[in-house]
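To start, the structure itself, in structure tokens.
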């Protein structure tokens, strides 16, 4: 598989959003992308997914393949039940979603008994987990996740991280997150995007997913947090 | 100058020639009248407006007048514009219906007039037929097209001075059966009606005098009268209107104010017998001679 | 209690009606009073019932076909914008042709039965349906379209699974507007010719100066329109609530 | 290039027109060919121009007033649902009364000038505006209403600051539908009272079997409707894009 | 001021959402509310704010006063600029928003140069900061915050926490959060809501806002995280 590479710079009207950069997604690896709010993380994800953005890219994306994308907003369809929302990808491609898989995945994101609910009757975190299940059920590579666990409590967050790590093992993943601990647990590679460009951050040597309280994770997390808080300061 | 509002029955057409000519030639002015002529889009509207006091005079039809008075509208005929029926039963001249008797088992289209059934019953009766022998179809706006496209075999309610020519100009040939030759009492097709409660005899007499001058002008100087008439609107000077002018000319009431009381009495009885009205009114409730001493 | 409001409304309407007559000094041959109309309603109840049956059939058939046509036109225009742009003048023409110009052609093709009346009803009802639905189809939230694109949906499935459901509330707007026009369409359609139904009864009565009967017909038509509108509005509210 | 599409569309329309005539075997007294109509357009250009001016004035005035009335009705119904429920039958009645029943009353009140024509246009245009806007006003996202409630907004300000802006796209739907009906309304309105304008010219011509002139009028009315619809649609798209 | 107290239990259809509980908001204090996703935190906030919820409360709210509420979703009005969205409360009450205050607050949430933008052209974190500014500008007590910093990077998050702590000093605040560090930094009182009910969690003795790396904060954070991860496990 040719690696997925985005090269170029982006402009909002005529102010630069980010300077010329090269973002290569290591095939089969989990890459985390961090950076200040509004720096262009979501934009990068959308460019890779081939979606329209509010910016102009001067550059190009090579090796683009159909991706699975979990957007920053859950974006559930209010007229479909939770289970139907999870099966949406298959329905949209005219395939038959495997009901057993839908059921299984819903159980694993902790929504087994809400499968017949409609999205407006869900809590914020429940909605996010439906969107996660909808993304995980897609058999795609790469998988693009935009702050996938941001609305979850600590416990669900750990569980969902483990679930994602398990189900996406061996796939090319790009995850945007604001949580340094999350990045330190899950990543093969950590990238920091600032107005100055893209920098690679150190990662623990052990294979992900790592225990959240492993010393090398806590160390990486602390280092990353330091960079984030100090970034462009 | 006294003001007077006249609502025609329909758009300006050669049926209204005496009025238009009187206006163009200044006869109304000579009679001390300033006449506003309004052309409506719907012929059922003018009598209602006169009855409601919104206009002084309206051009209407004698058969409708009877029905209107019976329904309580305060209307009365004060003058006559066209003193013969114009209505006729039109068929395709080259079609299967050559006499009224040929109508047996055929379709007859009609346009709503209020008396279409009574008229048809009388005409069929004169040929030994009854309403059972024909199928009546309301074709509303499209008498000539319905006949020409063969959807009906005859149409009731065509105007003899118009639809025949219309049909010829559209490439067909029409033939008329005349109701007054087939069992219906003769009547005045176009009349002037006024509000029976508020009418002003003096103005009406002056108005009718000017109309009479218009008729005389048309009889004496047809070319000049036509020129004056046609000049009022460019689309009046086409083949249809020129022919209609010629066909209508002999039918104008030469004495618009004159009242043939028997005509109104006979038609009233005819309507009573046809079941369209439930009692017979005296002529005085229907029509007056505005010049007669009260 | 549940009946109180409609009863009050009707009473208020009758009061308004009588009020207009008194205040504006309208003579009975322009606007007969409620009592005269009630009398006519009773006297001609058999004719009215028969005409209502016929006009009702035209309304329902015409509305059904008109709604279907409107939906089809909106879908076509929305899927193939070029065809849509080319079609638009035809649609607008269909709304601007007065019945009297159309009547001879309609009767030539469809005769004097129910068909031309239904055709007129279709013509009048399809437009608001098409217009409102098309508007709705053009306002799908971008996030859902992105989702469909990423998931590799075909244009067809984006339409059926995303854009149509998202536009159903707008379709509901169109349908409720059309539900009001359907009775009008059937009545106007009866002007085309033929002599059955409420519209025909109405102009016959008008020709004979039976204004009380004209307004009796009108009361029935309005009742039909109210009932039909309420039924469609309720259906729309019940079926489309989740969507959009 | 920019002109190519409309030109093509018009050409296609003319082709369709001629095609219908040939295929359906319609005689010229039912549907004249494009050439005959073009001839009539030219021959009666002065009359047509004058009539267009008058009808155009009626359209614009009627649409303006109708839209205003529709907006007012929707706002009233939405702010005072009881009044709205009581009003609904009146509104529906206004849509179901045929012009011939209304015409004498309108003439009685408004005379023979432009006023009754404008009144008919208002009557025809206000309804889709009111209907669509009301629907929109009833579909304000709950989150925004919550926000307003927490912030202590009065009912009036919830209406002006939240519900109205949120319903503007729906209002746009209503306005574009009404824009198509405005020319129809003016043409039908010309059946009331005195007779000037395109609608009057049209039935006048119909009465004289000048079908070429009828269709010439129709071409002009359709042109007006197209232009008016396009103008309103563009305005709506430009002004209401952010809302909803 | 009478204290704000919610007592009672909540039911979704006929399943209990939370058991009978008593939530008292200490007047003038910052209370944080944590708990698993879907347990009813947002519901509690809405009940206190007097908004409709999908649940039935068997109980009552005493001492309710007009509150400022920052909901879980930003809920910006797309037809208003960022500045107009911030000034919305004043406009909705028919007051004049002080443009200088709006400008100042936008600058402090880091959106000084986006004040004329419309919300659809903002990033997720930018939208959240607009919603925060819109809430902070309201001169209300109590102030209810539902995951107010969830979409922010570490640096903005710290800054916004400090800003909120400064501006809301002395007010009664109830904040829902999933971030134990955040709760440990800002709270006078920490509550944990689980299916079993409401429990009070230990808080550092120092007054908030505390430095994120102060030992007592880290200790409280760790303890809380432990409770969260172990909660109902």
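Letters A, B, C, D and E mark the chains as written, and numbering starts fresh at 1 in each.
Simple rule for what comes next: a residue touches a chain if its C-beta (ideal position, glycine included) is under 8 Å from a C-beta of that chain, and two chains touch if they have at least 3 such contacts.
Here the structure is a predicted model, which is why all the values come from computation and not from measurement.
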item	value
Intersection of contact partners for subunit C and subunit D	B
Minimal step count in the chain contact network, subunit A to subunit C	1
Path length in steps (a step moves to a chain that is touched) from subunit B to subunit E	2
Between D-E and B-D, the pair with more C-beta contacts	B-D
Whole-Å gap between the CA centroids of subunit B and subunit C	37
Centre distance in Å when subunit A and subunit E are each reduced to the mean of their C-alpha atoms	26
Between subunit D and subunit E, centroid-to-centroid distance (C-alpha), Å	50
Per-residue multi-chain contacts in subunit D, two or more chains	30, 100, 104, 108, 199, 203, 206, 244
Shared-contact residues (touching 2 or more other chains) in subunit A	73
Touching two or more other chains - residues of subunit B	44, 48, 52, 141, 145, 149
Touch-based graph of the chains, sorted into line, ring, star, complete or other	other
Chain pairs that touch, as defined at the top of this document	A-C, A-E, B-C, B-D, C-D, D-E
Partner subunit C, residues of subunit B touching it in the complex	44, 48, 51-52, 64, 67-68, 70-73, 109, 112-114, 136-142, 145-146, 149, 151, 276
Subunit C-touching residues of subunit A, taken from the complex the two chains share	46, 49-52, 66-69, 71, 73, 75, 77-79, 88-89, 91-94, 118, 138
Subunit D - residues contacting subunit B, complex	27-30, 44, 46-47, 100, 103-104, 107-108, 112, 190-195, 199-200, 203-210, 213
Complex contacts: residues of subunit C adjacent to subunit A	143-144, 146-154, 157-158, 161-162, 165, 168, 242-244
Touching residues on subunit D, where the partner in the complex is subunit C	5, 8-10, 12-13, 16, 24, 26, 30-31, 85-86, 88-90, 92-93, 95-98, 100-101, 104-105, 108-109, 127-128, 131-132, 135-136, 139, 169-170, 172-173, 176-177, 180-181, 183-184, 187-188, 199, 202-203, 206, 214-215, 218, 221-222, 225-226, 229, 244
